[in-house]
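One structure is given below, represented as structure tokens, and several questions about it will come after.
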Amino acid sequence: MDTAERLAAIEEIRQARAKYWRGVDACDGELVKSVLAKDCVLEYFGCCTDPQSGVDYLPAMNVALRGRDQWLSDGMARFGIVSVHQGNQSEITVTSATTAEGVWAFTDRMWFPPGGEFRHLVGWGHYHETYVVEDGAWKIATTRISRIRVQVE
Amino acid sequence: MDTAERLAAIEEIRQARAKYWRGVDACDGELVKSVLAKDCVLEYFGCCTDPQSGVDYLPAMNVALRGRDQWLSDGMARFGIVSVHQGNQSEITVTSATTAEGVWAFTDRMWFPPGGEFRHLVGWGHYHETYVVEDGAWKIATTRISRIRVQVE
Amino acid sequence: MDTAERLAAIEEIRQARAKYWRGVDACDGELVKSVLAKDCVLEYFGCCTDPQSGVDYLPAMNVALRGRDQWLSDGMARFGIVSVHQGNQSEITVTSATTAEGVWAFTDRMWFPPGGEFRHLVGWGHYHETYVVEDGAWKIATTRISRIRVQVE
């Protein structure tokens, strides 16, 4: 790849990540799936555990989604959850014409229906990801989350 | 446009957006106007309504600014408001050599003078925009806001 | 520099900034130093002063770090502080083949050990920076911070 092609790959990967988050927050499962590799592995282990206190606020989230077809079409709306995912600085490295890896700083917020233990969870951390070209487009192949801080109110 | 030119357009558009927000938060009207198209249409309808509760915290914001010359030189300082606008992941698509469209995830915060109903409003959502080349530079042509959540304290 | 080279410089600078922040938050001093110029000047004056009230929450932060070797290998872990730094929209301008300047909107958060005056400090503002090519890579040469708002709880 020449310089322009490499930069175009990075741009396309960033926009794929943006579509994933917009799809999650809009409960638009088709938009999410449009940027997932067919055999993607999305790991959410530890995503709701505060590393400072060790408290896991949502043990049900310690799962991995294996394969694009496992994505729920209605997302978190099924549970009455409203979410906001926001990406910040990212480090994307193209490792070949069809593979790349990346780290994203991010914040996510979830608001839960009344009656639970807490109404709002907010977390800060990083996504660690790999990407592949599939059907002529960059897709998310794997993701896992590391946390700096998770808190509820 | 070749690949490098298309990527340069995306970069310039992102920096125009950054100047707009920096201008708003610094109450620097000239900086904001430097990145607005002459006949821009900036719609703020619904920008202070929480979609979850339906509450509109600032009905006065349900306005559209039509034309760059309508921008107030002193911005929100006139009302004693301090603001922070922060852009996150964005999807910018160049649709021709002189037109483009984009979606930005963002947070905005406003702090109000004492004595009002609330001191701080924070909102999360997306800007949906179009851009044009005017006088040899990319400018914001239209914008509208969709919200996921707005809250006050 | 041609267009692709200029864009590659901007991309590399953004990723250098991301590594700096990731290194700070992970207390990984080697990662931070890998993106600092040998004779860098990092000014933190005013970084913990709220411009609205004039209160300086951490007067000890009014310092400048001069030279990469001054960076503490263990960072804020020495003080029991947990930090999250998040970059938002940025304006990077390449001024020559080996120099550039930039402005970044950002949020930073610090959580302090129990027993102090406050547990959490959050600030919003901008980094104003210059960059240089050194040993074949873009590095942070100078930085200073301007604030819109700083608050504690």
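Every chain is named by a letter (A, B and C) in the order it is written, and numbering of its residues begins at 1.
Just so it is clear, contacts are C-beta pairs under 8 Å (C-beta built on N, C-alpha and C of every residue); 3 or more make two chains touch, one makes a residue touch a chain.
Nothing here was measured: the structure is a model prediction, and the numbers come from that model.
Student: Rotating chain B so that its CA atoms sit on those of chain C: what angle is that, to a multiple of 5 degrees?
Tutor: It is a rotation of 120 degrees, to the nearest 5.
Student: Would you mind working out whether chain A and chain C touch using mostly the same residue numbers, over half shared, or mostly different ones?
Tutor: Mostly different residues: under half of the interface numbers shared.
Student: Between chain A and chain C, what is the separation of their C-alpha centroids in Å?
Tutor: That gives a centre separation of 25 Å.
Student: Out of chain A, which residues touch more than one other chain, so two or more?
Tutor: 3-4, 7, 88
Student: Flag every residue of chain C that touches chain B in the complex, lowest number first.
Tutor: 2-4, 6-7, 10, 52, 88-92, 103, 105, 107, 124, 126, 148-149
Student: Would you tell me which residues of chain A are touching chain B in their complex?
Tutor: Counting only chain A, the residues touching chain B are 3-5, 7-8, 11, 14-15, 17-19, 21-22, 25, 82-88, 109, 111.
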